[in-house]
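We just call them A, B, C and D in the order they show up, numbering each chain from 1.
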Amino acid sequence: MQNPTLILIQCKDAVGLVAGISNVVAKHELNIITMREYVDEESNKFFVRVVCSGMLGSEETLMQDLMLQLPENSTVSLSPAQRKKIVVLVTKEHHCLADILVRNYFNTLQAEVLAVVGNYETLKEFTEKFDIPYHYLSHENISKEEFEDKLAEALNIYQADYIILAKFMRILSPGFVKQFKGKLINIHHSFLPAFIGANPYKQAHDRGVKIIGATAHFVTDDLDEGPIIVQNTKTIDHSYDLHRMKTAGKEIEKAVLSRAIQLLTEDRVMLNGNKTIVFKS
Amino acid sequence: MQNPTLILIQCKDAVGLVAGISNVVAKHELNIITMREYVDEESNKFFVRVVCSGMLGSEETLMQDLMLQLPENSTVSLSPAQRKKIVVLVTKEHHCLADILVRNYFNTLQAEVLAVVGNYETLKEFTEKFDIPYHYLSHENISKEEFEDKLAEALNIYQADYIILAKFMRILSPGFVKQFKGKLINIHHSFLPAFIGANPYKQAHDRGVKIIGATAHFVTDDLDEGPIIVQNTKTIDHSYDLHRMKTAGKEIEKAVLSRAIQLLTEDRVMLNGNKTIVFKS
Amino acid sequence: MQNPTLILIQCKDAVGLVAGISNVVAKHELNIITMREYVDEESNKFFVRVVCSGMLGSEETLMQDLMLQLPENSTVSLSPAQRKKIVVLVTKEHHCLADILVRNYFNTLQAEVLAVVGNYETLKEFTEKFDIPYHYLSHENISKEEFEDKLAEALNIYQADYIILAKFMRILSPGFVKQFKGKLINIHHSFLPAFIGANPYKQAHDRGVKIIGATAHFVTDDLDEGPIIVQNTKTIDHSYDLHRMKTAGKEIEKAVLSRAIQLLTEDRVMLNGNKTIVFKS
Amino acid sequence: MQNPTLILIQCKDAVGLVAGISNVVAKHELNIITMREYVDEESNKFFVRVVCSGMLGSEETLMQDLMLQLPENSTVSLSPAQRKKIVVLVTKEHHCLADILVRNYFNTLQAEVLAVVGNYETLKEFTEKFDIPYHYLSHENISKEEFEDKLAEALNIYQADYIILAKFMRILSPGFVKQFKGKLINIHHSFLPAFIGANPYKQAHDRGVKIIGATAHFVTDDLDEGPIIVQNTKTIDHSYDLHRMKTAGKEIEKAVLSRAIQLLTEDRVMLNGNKTIVFKS
């Protein structure tokens, strides 16, 4: 059986969109496996994700036929579902990276890890156990600009679909973020928007919260302000000191990032301004 | 604005169903608000729930046009979304009933409670505070058959869409169940299929489980074996004695039953053999 | 069987505190049912909650004997466990109030509701169904000071142990808060410290979060900055508009406040600066 | 700072136990860091876990002094907290093993993995990446007795504190279980007691449940009937086919087993007949 075909459409809302789209799909002898749509009433936008099976003939003709049914300025993405390529950025903490590398090794990631880039050597040996290239790129003794130039250079080798900041503890400049727009995914160790910035567990501990959490989000210019993909929390109590909070937090970070990667690599996430539409099923 | 129109279809799976259905909908100048479909590959069945806005002309013509697009033996239900009517059966425990009556009183139930029937008088005073009729129907000193005849008689007055067994502690005979097929909803105080039957918390306590739960399900002939609508669980520990287990369990029971009623009254639940399809969003 | 005796102690940490305290308890022929202690290493403070059974002789002697074992400036609270008294403040939303009044009516609250005070008449009829006095106290056409004077006057009638702000939508002045220090409990409709202040669901919707939550906390001078007692969250998705977010949020608010009341009325909460120690079991 | 000393006591309940024990501890100049006790009223048994800091003098004298304070037939375990040793048994599934080996590699397991034994070669290469010996021990072409003899032989080399069945798909005979009593820990892929035995996800799928779960438990003679240590569940819906159910289930299995290992290796689990006492904090 060939791969399913994935159709992602984003356009102004209008009457008859579902009929129009499903007619085109039927005309091309594609069978709808799942179709999930969402109308954002505030922005009057229509979003749809269609998974089809069947022999995909001319992509070009299908695209043209779809465009004829859609309002001006619609965005259509059309592709056979395929494994995305990712590069992982790390600093010293291993938990998220290890989770990704193990899934990659056992082919359960639905993505392919091309390389790991780290600003310390800490995770080099571990990464190389899995025959994944590790680029050690220290940020020390060079300017931020220089560091980011080298980082961009390393990333440009791989042309990854997504660059996963798996506890990468450097703040990236707007210029860098712009260069990889829509591809940078970060895991922040708090339930945003609480505890933006550095040391969120310290902030959380000082505030005496009874839940901790983690947030996977797209990186934009504003620190920790990008579109949120996945969040989760865990109940804690007064007996959690900073160390125990961090240890428990790592389990959430790992799970939240892993879930975000799964959703992204299955093309289930669409951007809607500073928010995301996530078609989970 | 008029009420949305709700279309529920269940049929054999086939190519072009979404196109066919959405074309009919568009032809009748109805605008699709949400459309959720599911294909059960095992039984090769297609299920769809469409919510439309717009002026509904002739229901009959719409029905005929839909039928023309569908395989033989399809089931189509077509109706303006409207408040369902429910009757609640109780014994002595108040937590589920109170939750329902409070929501009913404040118009947040999306259903209308017509009456409460109880085999004890315990909850009469509470029910009547809310100007809901309470039928006291003792099961004592009469045969099961006689009791069920009286119960059926009381229920037949109301012609409810759903009969909610809100901790109704009598087992109903197959004959009775048959009479109200598809309308009887029970809350069982365990995560089925664990701890079927009487005293599930006692069973759970004896087994030393670390989670407790509750299950809302359709009632069928087999005790606690009907199609499951909603389940939830809560983590407990060794310090929960039977009393504390029951107390914590009541919070889950109440929430699970409340959620099931919400899903049913919004026509989000479809039967698929002994399972349910639940279109949550 | 008489009520258990509850001993709550807060003092500087020292070697031998558990031995010292348990010896005094044994000498007074009280049997320890549960003993939960916590040492806050940052502040070097020791907290303990002891539940004892047995005939309580002279409270005074027990207190003196305990004090002899403890460092200077220790705080000891000694009391037979008994039902706390509460007054509930409301505005227009019913969900938290209804939950409290139903539990009060069926004697499952472990507290006694003395009265409800509301700045609208919306919830008067409902409250009076349960034979609880409702004080209607409008904030309109009078100064904040005048309003708070009347409120304090009403509260002073009841001498409640806790004053529950069950979605009371008025910000209280520092003077008022000081007058009822340690007694005011608020439910905030977000997972603090995210979305402090007004319209947290609006803020959450605009930010595109994937979880919503609620926080029960002591009221202090700083808005929404008091010691947190209970928090919980729920996963949502892009399809939640503001209305649905609020509806789902109310279920969390109700559950979180209910849990906080339970913990407070069982004397399980101790203050530690701007944090709480909560001995759940 | 030296390691804390851990005291675990199980005995008949009696008045003054906490005082007696804490006096002995104080006399030996040990400072109580945490003390958690539980009385099982059904069996009239007292359980306590004390963590102490301070110079541990003669263990023998401490043991004797404790015994003098306790009823007959008490069980006292006294030891400096230290890393437990574990051996892992596997078949073909990697998720639990990988989780354990990664934690072991990064020293976050609080235990030391001595070896992995597998009845297939599937996980050999992965295990050896981490320099952990892998014993391949096929069950094919030999009797169950012979297989278990070889398994026992391999296990006896290591004298592990716990033998973790990380998705080991062979049922062990009573004789074997007896030999390693109290040391065998299994992860079962359902929320027991639901879906005992083979293919729990198939059973769950056929029943149409809305939650799936996993259970970590001690292995006893009765299949899946041993004392439960940790359980957890996850909400699913009708769209989960068997494959997706299994995939989601693996995340729970991994987390539940990991948590059980953590609790065991921190000596937080005590046996109480066919139940466990788990002192989480």
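The criterion applied here is as follows: contacts are C-beta pairs under 8 Å (C-beta built on N, C-alpha and C of every residue); 3 or more make two chains touch, one makes a residue touch a chain.
All values reported here derive from a predicted model rather than from experimental measurement.
*Asks:* What's the fewest number of moves from subunit B to subunit C, given that each move must go to a chain touching the current one?
*Replies:* Minimal hop count between subunit B and subunit C: 1.
*Asks:* A-D or A-C: which has the larger count of contacting C-beta pairs?
*Replies:* If we tally the C-beta pairs in contact for A-D and A-C, the bigger total goes to A-C.
*Asks:* Between copies subunit C and subunit D, are the contact residues mostly the same numbers or mostly different, with half as the line?
*Replies:* Counting shared over all numbers used gives more than one half: same.
*Asks:* Centroid from C-alpha atoms only, then distance subunit A to subunit C, rounded to Å. What do you get?
*Replies:* Centres of subunit A and subunit C (C-alpha means) sit 40 Å apart.
*Asks:* Subunit A to subunit D: how many Å between their CA centres?
*Replies:* Measuring from centre to centre gives 36 Å for this pair.
*Asks:* Using the touch definition from the top, which residues of subunit D touch two or more other chains?
*Replies:* 237, 239
*Asks:* Quick check on the complex: what are the subunit D residues that touch subunit C?
*Replies:* So the residues of subunit D touching subunit C come out as 15-19, 22-23, 25-26, 29, 31-37, 39.
*Asks:* Where on subunit B is subunit D touching in the complex?
*Replies:* 38, 40-41, 191-195, 207-211, 213, 227-233, 235, 237-239, 241, 272, 274-278, 280
*Asks:* Which residues, counting only subunit C, touch subunit B once they are in their complex?
*Replies:* For subunit C paired with subunit B, touching residues are 94, 98, 102, 105-106, 108, 126, 129-130, 237, 239, 247, 251, 255, 281.
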